[in-house]
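Read from first to last, the chains carry the letters A, B, C and D; within each, the first residue is number 1.
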Amino acid sequence: QSRWWSGNALRGDAGRLEAFSDGVLAIAITLLILDVRVDPTDGESLTHALHEALPQMAAYAATFLQIGIIWANHHALFRLVARVDQMLLLLNLLLLASVAFLPLPTGLIAEHTSGDDGQTASLLYGATLTLSAVAFNLIWRRVSRRGLMVPGVSAAFVRDVDIRYLSGLIGYAVATALALVASWLTIVLTVLLALVFVLGPSPRSAMPEQAAAPDH
Amino acid sequence: QSRWWSGNALRGDAGRLEAFSDGVLAIAITLLILDVRVDPTDGESLTHALHEALPQMAAYAATFLQIGIIWANHHALFRLVARVDQMLLLLNLLLLASVAFLPLPTGLIAEHTSGDDGQTASLLYGATLTLSAVAFNLIWRRVSRRGLMVPGVSAAFVRDVDIRYLSGLIGYAVATALALVASWLTIVLTVLLALVFVLGPSPRSAMPEQAAAPDH
Amino acid sequence: QSRWWSGNALRGDAGRLEAFSDGVLAIAITLLILDVRVDPTDGESLTHALHEALPQMAAYAATFLQIGIIWANHHALFRLVARVDQMLLLLNLLLLASVAFLPLPTGLIAEHTSGDDGQTASLLYGATLTLSAVAFNLIWRRVSRRGLMVPGVSAAFVRDVDIRYLSGLIGYAVATALALVASWLTIVLTVLLALVFVLGPSPRSAMPEQAAAPDH
Amino acid sequence: QSRWWSGNALRGDAGRLEAFSDGVLAIAITLLILDVRVDPTDGESLTHALHEALPQMAAYAATFLQIGIIWANHHALFRLVARVDQMLLLLNLLLLASVAFLPLPTGLIAEHTSGDDGQTASLLYGATLTLSAVAFNLIWRRVSRRGLMVPGVSAAFVRDVDIRYLSGLIGYAVATALALVASWLTIVLTVLLALVFVLGPSPRSAMPEQAAAPDH
C-alpha cells in the first residue's frame, strides 16, 4: 500500500533527500563565520582584538571540519540507499537538526573556555555531535535492516559499517563525558575523531559493486 | 500561444522550480538557529542561561519539524506536476514567502510565552502555517484542475489528495484559533498535525504509476 | 583558441552557471526576513510592535516578489544560452551582486518612509532594481549578439525580447526617478512592474523549438 | 583496497563535491551584504550615512568579485577531475573554509581603512585570499600528480596550469605583503589580479577534448 510521500512514492528519491541535506549542510557550514566577531573596544588595537578572537577562530575551524566530515559521511551512506520511507525521512531531519544546531554550541565553546561555563559549553558541544552520531546510527539501522539498501551489499560490509558507526558514537560520547575532566579535552578529541575517521582505515570488506561504480 | 517564461516555455520545468524551492526551504530551516541566543548576563551561569533558552530551543525544534514536513510535502506534490504556468509560479512564491517568514513568528513564540503577547505570537505563528496550508491548497487546485498534472492520475487519487489538503488547512486554522484559549495549544497542535501528517495514513487510492516510478 | 574557464572550456556550462545563480537568488530571497525585527520596547504590547513593523513586512513582501520574478526571468533567459564566455560570466556576477545587495535598500525603505531619508531610500532601492535591469539587458545583448544562443531562435523573437528588456529597464528607471516626486511611488510602481511582467503579455513570436521543449 | 567514502567509493563523485562547494560559495557570496550596515545616528541624514558606508560597499563589491572568480576557477578545475580521494576532500574543505572565512576580513578592511589597524586588516584580507590560492595549488597538485584527472590531458596543459596557479599564488602573496607599504595597495592589487585572471590570457595548450565537450 503506497503512502502519500513515502514508500513507493519515494522509491528512487534518495537523490532528492540528499540534495536537500546537502543544502542544509552547506548553509550550516557557511553560517559559522557569522559568530566570529572581531570588534576592538575603544583604544584597543585590531591586532589585539584578533588575538582575543583566536578561540572563536579555532572553534570555527573545528566545527567546519566536523560538518565537512558529516557531509562526506552522509554522502557515502546515501549512496547505499535505494528507497526512502517516512521514518528515514524523520531520522534524516534529526541529523540535519543536530548539524544546523551546531553554530550555537560552537559559539559557546569559543566564548566560555574555562571554569564551570567552559565545562557546560563543552558538554553541549559534545552532546550535539553525539546526537549526530546517534542519528547516523539510527539512519544506518533503518537503511540496512528494513530493505532500503541497494541490492548486492554483503553481510560482511554491513557488519563493518555497523562497527564503524557504533565506534564513532562511543568515541563522541566518551569525548563528551571527558568535558567533566577538562573542557578542552572534548574539543581536541572530537577533532581527532574526525581526522581519524577521514584519514583512518576503512571497512575491510569491499563496497558493493553498484554503489562503488560511477553514478552520474 | 507561448509566453515568455511560462506555458510552453516552462514545459518540463517543474524540476527547476522544485530545485529553487528546495534551496529556499533548506536555507529557511538552517537560518532558524540564528534566532536562538544564549548570552548569560553578568554573574549568571551558562547552565542557567541555557535553561532560560529552552523555550527558544523548543520553538527551534517545532519549526524545524514543520519546514521539514513542508519540504517533503512540496516534493511529493511536485512529482505530479508536468507543466508550470505563471499562476503556479506565483502561488509557489506565496508558499515560499510564508515559509521564509517563519523564523520571525518562531522567534516571537520563543520570547513571548504567556499573557496577551503570548497569544499574539501564537496567532501569528499559527496564521503563517495556515497561510502555507492555503498556498498548498491553491497550488494543488491549480495543478489538478488546469491540466498541469502528469498523465494517468485517477480521479479517486485527486479526491483523496483534495481531502488531505483541505483537512490540513482546517487543522492548522483550528490550531491557530485555539491560541485564543491558550497560546501553548497552537504550538502543541501544529506539532501534532505535522507528526500525524508524516506518520499517519495515506491516500487509499494508488499513486499514479509514472509518479511512483524512480525518476532519476 | 580556448581559454582556461571560458570558450570551449565552458561550452555546455550554462546549466552550471544557472545552478550557482539559483543558489544566490534562493539565499538572497530567504535572507530578507532577517531584516524584519519585531522587538517591543518596555511596556509596549507585541500587537503594537507588529503594527509598527508593517512597513518592514510590506518591504519584505515587495522584494520577495522582485527576486522571485528575477529568478523566473533569469531561468527563462538562460534556457536560450548554449555557451558561456568570460564577459557573460562577469555580467552575470553583476546581476547577482545587484540582487544580493537588495536586502540593504529593502531594510532602508522599511525604516525610512518619509521626508528626505525616505526619498534617499527609495532612490537607492529603485537604483538597485534598475541595475538588475541593466544587467539583464547586457546579458541578453551578449547572448543574442555574440553567438552564445541555442540554434533556431528567430530574428523576430530576438527583437521581441529586446523590446521587452528595454521596456523593463525604462520602467524601473522611471519608477526610480519618481522617488523625487513621492518616495512611495517607487515602491508601488516597481511592484506593479513586476506583476505586469509576470502576468502581462508575452513575446508575440514563438519560442524557438529547442528551448521550448522539455529539457530534463 | 576501497575506503569508506573515498577511493572506489567516490569514483565519479566529483560532481557531488562540486555541488556541495557551489552551495558554500553561493552562500558565502550572498552573506557578504549582511556586514554592510547603514544606520544613521541621531540627526544624521541617510545620505550622509550612505556616504560613510561607501568603504563597506567597495569592500562588498571587491570580495563579491573574488568569490565569483573563485567559483569560476573551482568549476574549471573540477571539470578535469575524474576521481576524488580523501586528501582531495580535505584540501577542498580547506579552500571552502578560506572562502567562507572571507566575510570577516572583508568587514575589517571596510571598518579599518587607515593606520596600524588598516594594515592589520589588509594583511588578514590578503592572507585569506593567499590561503585560497595555496588551497588551489594543493588541489591541483593532488589532482594532476595522483592520477585523479580525466584521461587525455597533455603534459603541456598541466605545465601551463601549474604556472598559472603558481603565478596566482605569488601575486596574492605579494599583494598581501604590500599592505606593509600601504593598506589600500592590497585591496587594489587583489581586485586587479582577479580581473587579469578572468579577462587575461589563457593556457596556450589546448584543453583536453573530454573536458572541453559539453558535459550535461
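To be clear about the criterion, contacts are C-beta pairs under 8 Å (C-beta built on N, C-alpha and C of every residue); 3 or more make two chains touch, one makes a residue touch a chain.
No experiment lies behind these values; they were computed from the predicted model shown.
Asks: Taking a step as a move to a touching chain, how many steps at least join subunit A to subunit D?
Replies: Steps on the shortest route: 1.
Asks: Quick check on subunit A against subunit B: do more than half of the interface residue numbers occur in both copies, making it same, or fewer, making it different?
Replies: different
Asks: I'd like to verify one number: the distance from the centre of subunit A to the centre of subunit C, where each centre is the average of its C-alpha atoms, in whole angstrom.
Replies: Computed from C-alpha means, the inter-chain centre distance equals 36 Å.
Asks: With chain centres defined as C-alpha means, what is the inter-centre distance between subunit B and subunit C in Å?
Replies: That gives a centre separation of 25 Å.
Asks: Quick check: what residues of subunit B touch more than one other chain, meaning two or more?
Replies: If we look for residues of subunit B contacting two or more partner chains, we find 19, 23, 27, 31, 34.
Asks: I'd like to see which chains touch which, written out pair by pair.
Replies: A-B, A-D, B-C, C-D
Asks: Okay, in this complex, where on subunit B does subunit A touch?
Replies: Going by the criterion above, the answer is residues 19, 22-23, 25-27, 29-34, 36, 38, 40, 45-47, 50, 60-61, 64-65, 68, 71-73, 75-76, 79, 161, 164, 198-199, 202-203, 206-207, 211-216.
Asks: Any idea which subunit A residues touch subunit B in the complex?
Replies: Listed in rising order, the residues of subunit A that touch subunit B are 1-13, 15-16, 19-20, 23-24, 27-28, 31, 34, 86, 89-90, 93, 96-97, 100-101, 103-104, 107-108, 112, 116-117, 120-121, 124.
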